[in-house]
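Next up, some structures in structure tokens.
Next come two complexes built around subunit A: one with subunit B, the other with subunit C.
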Partner chain A sequence: MHSFGYRLNGLLTFSVTILAIMCAITSLSDNLNTPSPSAEIQVMNINWFQKQPQGNDEVSLTMNISADLQTLFTWNTKQLFIFVAAEYKTPKNSLNQVSLWDAIIPSKEHAKFWIHTSNKYRFVDQGNNLRGKEFNLTLHWHVMPKTGKMFADKIVLTGYSFPEEYR
Partner chain B sequence: MTSFRSLRFHMDWQGQKLAEQIMQMMLLVSAVIAFVAGYVLGSFQMMMIVYAGGVTLTALITVPNWPFFNHHPLNWLDPSEAEKHPKPQVTVSSKKKGTKK
Partner chain C sequence: MGWIGDTVDSVKSIQIRQLLTQAVSLGMIVTSALIIWKGLMCITGSESPVVVVLSGSMEPGFKRGDILFLHMSKDPIRAGEIVVFNIDGREIPIVHRVIKVHERKDTGEVDVLTKGDNNYGDDRLLYAQGQLYLQRNHIMGRAVGFLPYVGWVTIIMTEKPIIKYILIGALGLLVITSKD
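Up next, the complex of A and B:
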């Protein structure tokens, strides 16, 4: 090629193009991973369950969250964003999802954990439908990659319900 | 020192072709080695480091005008020799151009 600058430019352009292709293949390799995560959430205690002055129900609960999400990590995983949402049905909304707690898991070692916590975010209903209501607690996760496509999935845990009366 | 002096001049044509081929081949090979190393070791960082090393090595070999890129120089005719031989004249064609009206 004709000159030093010409060769240098050609090399830099080609190397960056190849880098882009390498990143695409790396992201595709994530599809080869078959994860087998597991999780369990226990509602230890309903701390209080009141109707707010505006008319909306609010509840505070303490949960025991344990999970093993290690198989979700690949060589291309930067971190895992997880959150627990309460899901239930009301006459007004066919699906209500309220996020109660979230966390960022930075590495595979931290992905097998157990935490005893009250809800990080307030659990307020649109209305006063919660007395005696059955709800699911769903653990969602977003596998955030170093490069490429982000995968998201969840585990649904059923069988939880609110008390019949305010406390 | 002689190698540095030759860096002042451009590569010859065969050298340019060789430089381009070496560059493309080395970058592709670096990428494959880097990807395999990263995948096997489970380390994205390793892939980047190996690839960066490969790109640097390729740059050092193909971008400067090394002597081995100048093994087929095109020798221009010496001016004193050129004067001895007249330039060829463009001959006016006596044939009519057939379709032109």
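Up next, the complex of A and C:
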């Protein structure tokens, strides 16, 4: 009952259990944080708006994105993954979400930023429904913790629309 | 030297009843592990409630050797979620983020495009020939939580099977020689 093997087994079991409990408590401590993020996106320019040979609409745009996400960081946050998605309805699809730009924010200091950028990923519709259409730009963030539960939220900004004609 | 002598003595003195008891205890341990695994599969609604991250395509968020807890609910799949999916013809599940969603109005079915955070382009190169999107039936679950480093045990046992055999051999020896 007191051999080396039993003692080692007991020690290992105990330490793994304690480690698991510590990870769980660390993750629960994230719930104490009440974040208050803010963001603003301006579409500076629609660079071009064409119909591809396959029949799908494609648009390229340049945006100004500014945000303050510092309150989302806790001691258990490893990084914040943020992305801007355009959301719109079409006759065939009740929801379309297209990610236009994303970034990884590794620390609180980088969480307040302003960026002028064109869309990182191609904005291609499933069809040719974009002319004159209204869309929302949503800034999503995903909090990736050092350990435990991941959570996500978003800010929806409305009022954007495509031009009536291709250009 | 004395330890080896003791081991040989205890192997000689084994009786059938004791052997059977130990075999049943071992069986109980294995089956309770199986029950816990299957129970987790039911609770999380996913075929594989825990996966190990095998590649660096989601760095710096998920590194090789981390484990992810998956959950699959009836909630619609939305952009930004980290999903684990299987491609027809490939056996290893892939953990990437959804960047594009097209949800049909009439059927509620969804076309999804994914991309690894650390990859330059989207996953169309990984999909089957001619496949442009993933559907819900390809997706095994959403990642909801994670633990760093714990998955290295699985990676080592898969890539160097000799360690798996050594462990099982040592366990077997422990069961035979214990005097319970």
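Quick note on the criterion: the second predicted complex is superposed on the first by the 162 of 167 C-alpha atoms of A that agree within 3 Å, B and C clash if a C-alpha of one lies under 4 Å from a C-alpha of the other, contacts with A are read in each partner's own complex, and residues count from 1 in each chain.
In this section, a residue touches a chain if its C-beta (ideal position, glycine included) is under 8 Å from a C-beta of that chain, and two chains touch if they have at least 3 such contacts.
Just so it is clear, the structure is predicted and the values come from calculations on it, not from any experiment.
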Next on the checklist: Contact-wise, after the overlay, does A:L11 reach subunit B, subunit C, both or neither (first, second, both, neither)?
Outcome noted: first
Checklist entry - Is subunit A touched at more residues by subunit B or by subunit C? => result C
Checklist entry - Which partner does A:V156 reach: the first (subunit B), the second (subunit C), both, or neither? => result neither
Next on the checklist: Output check: A:L28 vs subunit B and subunit C. Expected answer is one of first, second, both, neither. What do you get?
Outcome noted: neither
Item to check | subunit B versus subunit C as contact partner of A:W75, first or second or both or neither | outcome: first
Checklist entry - Does the superposition put A:M44 against subunit B (first), subunit C (second), both, or neither? => result neither
Checklist entry - Thinking of the overlay built on chain A, is A:S99 touched by subunit B (first), by subunit C (second), by both, or by neither? => result second
Checklist entry - Is A:K146 contacted by the first partner subunit B, the second partner subunit C, both or neither? => result both
Item to check | Set intersection of subunit A contacts, subunit C complex versus subunit B complex | outcome: 146-147
Item to check | Complex contacts: residues of subunit A adjacent to subunit B | outcome: 1-4, 7-8, 10-11, 14-15, 18-19, 21-22, 25-26, 29, 75-76, 146-147
Checklist outcome for this item: Per the touch rule above, subunit A residues touching subunit C in the complex are 5, 23, 27, 78-79, 81, 83, 85, 91-99, 102, 104, 106, 121, 126, 140, 142, 144-150, 152, 154
Checklist outcome for this item: Note: in the complex, subunit B contacts subunit A through residues 10-11, 16, 19-20, 23-24, 27-28, 31, 34-35, 38-39, 41-44, 47, 51, 55, 58-59, 62-65
Checklist outcome for this item: The residues of subunit C that touch subunit A in their complex are 60-62, 76, 78-82, 97, 99-105, 108, 111, 115, 117, 122, 143-148, 174
